[in-house]
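As structure tokens, here come the structures.
Shared chain: chain A. Partners: chain B in the first complex, chain C in the second.
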Partner chain A sequence: MSAPRRSFISTALVIAAFLPWFAVFFVPALSLLRTGQLTGTDWTLSGFFAGLVDPLLLAKVQFTAGQAMLSALISCLVGLPLGIYLRHSPRATDWLKIPFGVPTLVASAAWVSILSRTSMIYSFEAVLMSHVVLNIPWVASLVAEAAGGVPVGWDELARSLGARSFTRWRTVYFPVIAPALFSGFSQVFILCSMSFTLVTLLGGGPPVETLEAAIFASVRTGTLDLVTGANLSLWQLVLSLLPWLALRMFWKPIAIPAVRPASGAAEPRWHRVLALAWVAPYAVFFKDVEPTVLVSSKFWSEIRDPLLLSLGLAISVGVLAVLWSSLAIAALSSMREGRRQKVVEVLFLLPSGVSTLTLSLGFWLAYSAWIDPFEGSIAALIFVQALIFFPLVFRWLWPLARLRSQAALDVARSLGASPLRAWLEVEWPRLRQPFIHAVALVSAASTGELAAVSFFSSERMVTLPLLVSRWLAQYRFEYAHGVAAILLVISGVLTLGSRWER
Partner chain B sequence: MTPRLAFLHSIRVALSFAILSADVSVRAADEPIRVLSILTYDSLMAEGGLGHEVVSRFEKSCRCRLKIQVAGDAAQMVSRLQLEQLRGRSETQVVVGVDQALWPQVRAMALKWTASGDFEHVLDPGFTPLDYGVMCWIWNPEWKGFAGSPPVPPRRWSDLLDPKWKRRLLLQDPRTSTPGLGFVLGAQAALGDAAGNFINGIRRQWMTLAAGWSGSYGLFLKGEAPLVWSYTTSQAYHLSRNPKSPFRALVFEEGNPIQIEGSFIVEKAVAGPGQQELARQFVQLLASKEIQERIPNTQWMLPALKGVALPEEFQSIPSPLKILRPPVEFDLRTTLRHWELSIR
Partner chain C sequence: MQHDDGTLKLETFRVRFPNLTIEADLGVERGERLVLSGPSGSGKTTMFRFLAGLPVDGVESGRVLLGTQDLTEWSPEHRGFGILFQEAVVFPALSVLENAAFGLKVRGVGPEECRQQVMPWLERCGLARHAHGSATTLSGGEKQRLSLVRALCWKPHALLLDEPFSALDPALRTEMGQWLLELHAAHPVPLVLVTHDLHEAERLGTRIVMMENHGDLHRWKTWGPAKSAD
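This part shows the complex of A and B:
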């Protein structure tokens, strides 16, 4: 292919990949600064800053940051020894990631069930505990993966040189574990600062209220207050983007060749039990699922429309997120490796540091001429959810796509195949399964997503998570648990089903 | 409105006009079906509620169609109206279910016309009362959490701060629930300057601040707490279901707040005299004796019209010692802001 043509295709691909990024991420983010246009008031810099430092708003920022910091600290304090303990058990380490597949809504339903009739229900402590239990295994898995990568020989060498246990820990393990721990801390902080579902359902209302819950309240409940909503969103952006940027700037994991055992045969069974114990709280809610509810026609007639809508939405979001990621990957693949490619990659990943409700409010402010959140907008819901999941899919598929077999592609081209045909014959068989897996995983995650759904739904457009949330809020626990069980089954089928072929 | 929005708006208006014109020309041979757009909240349109009955009665008599838009609650309904105003749209023609606390937010939008009738409580011109209720704590003396005999229930607002009621009150969020807002305004009316400290103290007493009345009441019925903020008519509801019901409405020495719900016509949205007449007929139907008689047993509220006979179970509900009303002019946003600052 000639150089000008290659350059033209590369530019076209980058533009095509950035168009949806620009429309669904950049324009909405920018709109958060332009609320005066909607409220009919003049925008002034002093007024803008005065809004940002409002004492009530700062109290919410303080609460959000404080609970996220505390959740991250406790998760790391418990996750660190757990991860070190399980470092030589790769299968147990994998199992530590299972709780992250549990939809947050199901986790909330489980905690409501566990804490019912205790003094902890509907309190800050309940929110903190649910955050910590959800995140400890994640931190532990990061630590275990990092510590497990340290060759046994290093430790033995340090011992033979006379190093005591603390010195060995400080010089051999800590330099490897520290970046993983810092990464875990940042990730847990970001996730907890964006917490919406757990806080809304377990917190018992203000003052236990994160910025996300406050953004929702400013637009969808009470007095319509777009300026406050936008100011809250800007603070949310700061809270979630700063650790994200710090993570990208300072996290330099030490690359160690994998020395893990080929099978988990030598792994004590006790380790896997320990890893699986973190899922146990979520299994408890099954005891509250009434079989009579699941077989009643009234139940099914009430959930029929939400079920169909949720499935349609999940598949649309899954397909769109993967198509969009594919476009981004194609754009990056067409670029030469270097600084420019790195910048584009970071820009594609930027939405992962932005919360769902911040994006939703920005999207609504940007496209308010066409979207009315009170009427419900399925298109807005699909675009916003696809943007939320796009960085995850991209981060997962991009390293796989980079491992392309250039020699095989060149052979195919030399045999007369077009670039597309060569790619389909050489690369697609390798990438097909991960792509299908990505569609299934995003669809599974979408079925349990509540924040964007709460923002863009209407009385005529109710999804399964919204139904669970409403029924939990109305304390119709039997029905809520029934739907939560269905959500868990859908999520499990999509996740495990996509792995079946592997 | 920016030029871009104005341009898009004009395209939309032109398209709507073209579609409507086509629709009318098709119907020209018959009689055009008029449409009246109503905005209300979900419990009014719930199964067995008053809404469906009103809709079918009106559609039979008016040769028109009612387009019902349902918001989650009264506060969301007002937010939606405000949004329509911000966007320069006037889709809703009649609003049903706004109460006197939210009324100042929407008063400017209302047509200054009130349906005729001899009402128990009257607000400004434009607001036609639909029903009213006295807000109070509902008390369950047989709550299983009491060790031994039940304590004496609260009789004054300040009694609620007693440590024995810690995490034993079920209240609603005033930002999302009109009874919740009624509690805050009632406390202000009853306690005056001391209301701020009272609200700060009550923050330790509630078990949860539910988003809506149905949520907190559901929790009360499940026996999670002995006191729930509701209406005196809740006692009548329980007595109608079980004459031996232990649930009792508590009235306070300083008085109890009242909630008056009503309807109004959105002035800008009723274009011609024909449409305005249709809207007036609808609001007048809501204020008619035949509909008002259905309110106690469908909405479990008291009818707005004087002289409407009440069912037997309503005879035993306690009358308030004093009725607490919110100030005629108050800024909802400021009130909620003070409330939020007080509970932190």
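This part shows the complex of A and C:
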């Protein structure tokens, strides 16, 4: 293929991949900025800053940042020693990620169930504890993967040169663990600052109200206050994007040879028990779920439509997010490695630093001529959820896709295969399983997503997470737990089923 | 496709690197084994990729001809050249037999006919017993033998090899060289071998092309008389 043709195809792919990014992320973000500057019918810069530094709004910012900082700090304080302890147990490290497969809504409902037995329910402590328990295994898995990746030879070399235990930790392990810990801290901070479901269900309303909950309150409950909603969203953008940018700029993982260090001993079973202990709180469902509810026809008739809607939504979001990621991957693959490719990669990842409600509000403001959230919009739900999950899928699949064997593709083409056929014969067998797994994971995550659903749902359009949220608020715990258990089963079947290979 | 005498030619080839320009005019006749031998950075692989139709940067001019047919604008899949790289490349999702038959399969040959055509080649190279196993389980030498069979069994118009044995140990290199001579004798197409090993060049080539250094300009020209291909 000639150079100009390659360049044309590359440009076309980049444009095609950026079109949805522009429409679903950039335009909504711009709309937020514009609406946040409005005072009456005009907008001014002074009005913009006055809106942003409103004391009530700043109190929400302070609370959100404070609880996120505290959650991240405690998660790291516990996750660091746990990760170091499990560093030579790759399977246990893998199991630490299981709690992240539990939909947030299900986890939140579990905590409601547990804490309703105590006086902690509907308090700041309840939010903090659930955030911390949810995020400790994530930090621990990052630390364990980093520390476990250090080749045994490095430690032995330092020892042979006379380094004592503390010096070896400082010079061999710490430089590898520190970026992972920094990454864990930033990620937990971002997640907790964007937390909506946990805060809504466990916080009990003001004063335990984060920016996300306040955005929702300003738009969907009480009076419709778009300017405050937009200003809250701008602060939310700042809070979540700053650590994200810091992470991108300062997190430079140390290149470690692709060899697993020999642990020298079998992985103790105790390690796996320790890793699995973090899902124990969610077992509360199976205690609280009323079997009579699950077999009652009334229950099933009430959940039938939401179940069908949730499943349809989940599959659509899963497929769209993966298709979009594939387009982005194709665009990046067609580019030369270098600064331009890196910039495009960062732009694709940018939405991961933006909360669901911020995106939802921006989307509504940008397309208010066509979308009325009070009427419900399945298209808006699909697009917003696909955008939320797109960076996750992209971040997972892009490193796999870039491991392509160019030599194998060249050989296949020299043997007579067209570029598409060469890719299908050589690359697709390697990528098929991760792609299917990505669709399943996104679909599973979508079934438990509440933030966008709360924004774009209506009385005629209710999904399972919304049903759980409503029933919890109405103290219909047995029904809420029944639906949460069904959500848990759906996400379990999707994530485990996609791992099955013939 | 008619290619007259089937001679592979590289004409008026000129590629510019930041501090270096490389020029070449080469011709390889049917049954001839032309060896490009020179130090690293002398443009051997660039010429190889240009001949194969693979993307190359900095090329200012050049034509690839097979007989009288100009292939310069043809994509790799239409040139009909078998190629081998330094690293043995196998398609991990395919069995040994499927790997070897890949070139036939993409030309629409049915599975049974593929098997009939490929098995004698695999037997000749000692790979028949692995035919239905995964290609990824083969050793480095076996993978390179498989690559050689795969490049030849669909009867390409030319064979291009870019340091195909340099990753192997000396004993295996000698053995692989022998395989190459045998298989090429069975299918005597123009063969271009890139290597920096002069002993290998002497042993495997019927003609060796060395690089002439003129300051910033490196020119490739034939060195020594052509040996008999037999």
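Convention: the second predicted complex is superposed on the first by the 469 of 502 C-alpha atoms of A that agree within 3 Å, B and C clash if a C-alpha of one lies under 4 Å from a C-alpha of the other, contacts with A are read in each partner's own complex, and residues count from 1 in each chain.
Convention: a residue touches a chain if its C-beta (ideal position, glycine included) is under 8 Å from a C-beta of that chain, and two chains touch if they have at least 3 such contacts.
Source: prediction; values computed, not measured.
*Asks:* Considering only touches as defined above, state whether A:V411 meets chain B (first), chain C (second), both or neither.
*Replies:* A:V411 contacts chain C only, not chain B.
*Asks:* Does the superposition put A:F374 against chain B (first), chain C (second), both, or neither?
*Replies:* So A:F374 only meets chain B here.
*Asks:* Using the superposition on chain A described above, determine whether A:L32 touches chain B (first), chain C (second), both, or neither.
*Replies:* Neither chain B nor chain C is touched by A:L32.
*Asks:* After the superposition on A, what does A:R476 contact: first (chain B), second (chain C), both or neither?
*Replies:* first
*Asks:* Going by the contact rule set out at the top, does A:E425 touch chain B (first), chain C (second), both, or neither?
*Replies:* A:E425 sits against chain C, while chain B stays out of touch.
*Asks:* Going by the contact rule set out at the top, does A:V112 touch chain B (first), chain C (second), both, or neither?
*Replies:* The answer is neither, since A:V112 touches no partner chain.
*Asks:* Counting touched residues of chain A, say whether chain B or chain C comes out ahead.
*Replies:* The partner that reaches more residues of chain A in the superposed model: B.
*Asks:* Which partner does A:A217 contact after superposing on A: first (chain B), second (chain C), both, neither?
*Replies:* A:A217 contacts chain B only, not chain C.
*Asks:* Once the two structures are fitted together, what part of chain A is touched by chain B and by chain C alike?
*Replies:* Common interface on chain A, chain B vs chain C: nothing in common.
*Asks:* Taking the complex as given, what residues does chain B use to touch chain A?
*Replies:* Interface residues on the chain B side: 2, 5, 8-9, 42, 70-73, 75-76, 78-80, 82-83, 86-87, 105, 167, 173-176, 203, 206-212, 214-215, 218-219, 222, 224, 332-333, 336-337, 340-341, 343-344.
*Asks:* In their shared complex, at which residues does chain A touch chain B?
*Replies:* Touching chain B from chain A are residues 37-40, 55-56, 59, 116-117, 119, 121-122, 204-207, 217, 219-225, 368-369, 372, 374, 459, 473-476.
*Asks:* What residues of chain A sit close enough to touch chain C in their complex?
*Replies:* Those residues of chain A that touch chain C are 1-3, 6, 405, 407-408, 410-418, 421-422, 425-426, 429-430.
*Asks:* Can you name the residues of chain C that touch chain A in the complex?
*Replies:* 52-55, 57, 73, 75-83, 85, 87, 89-94, 102-103, 106-107, 147, 150-151, 154
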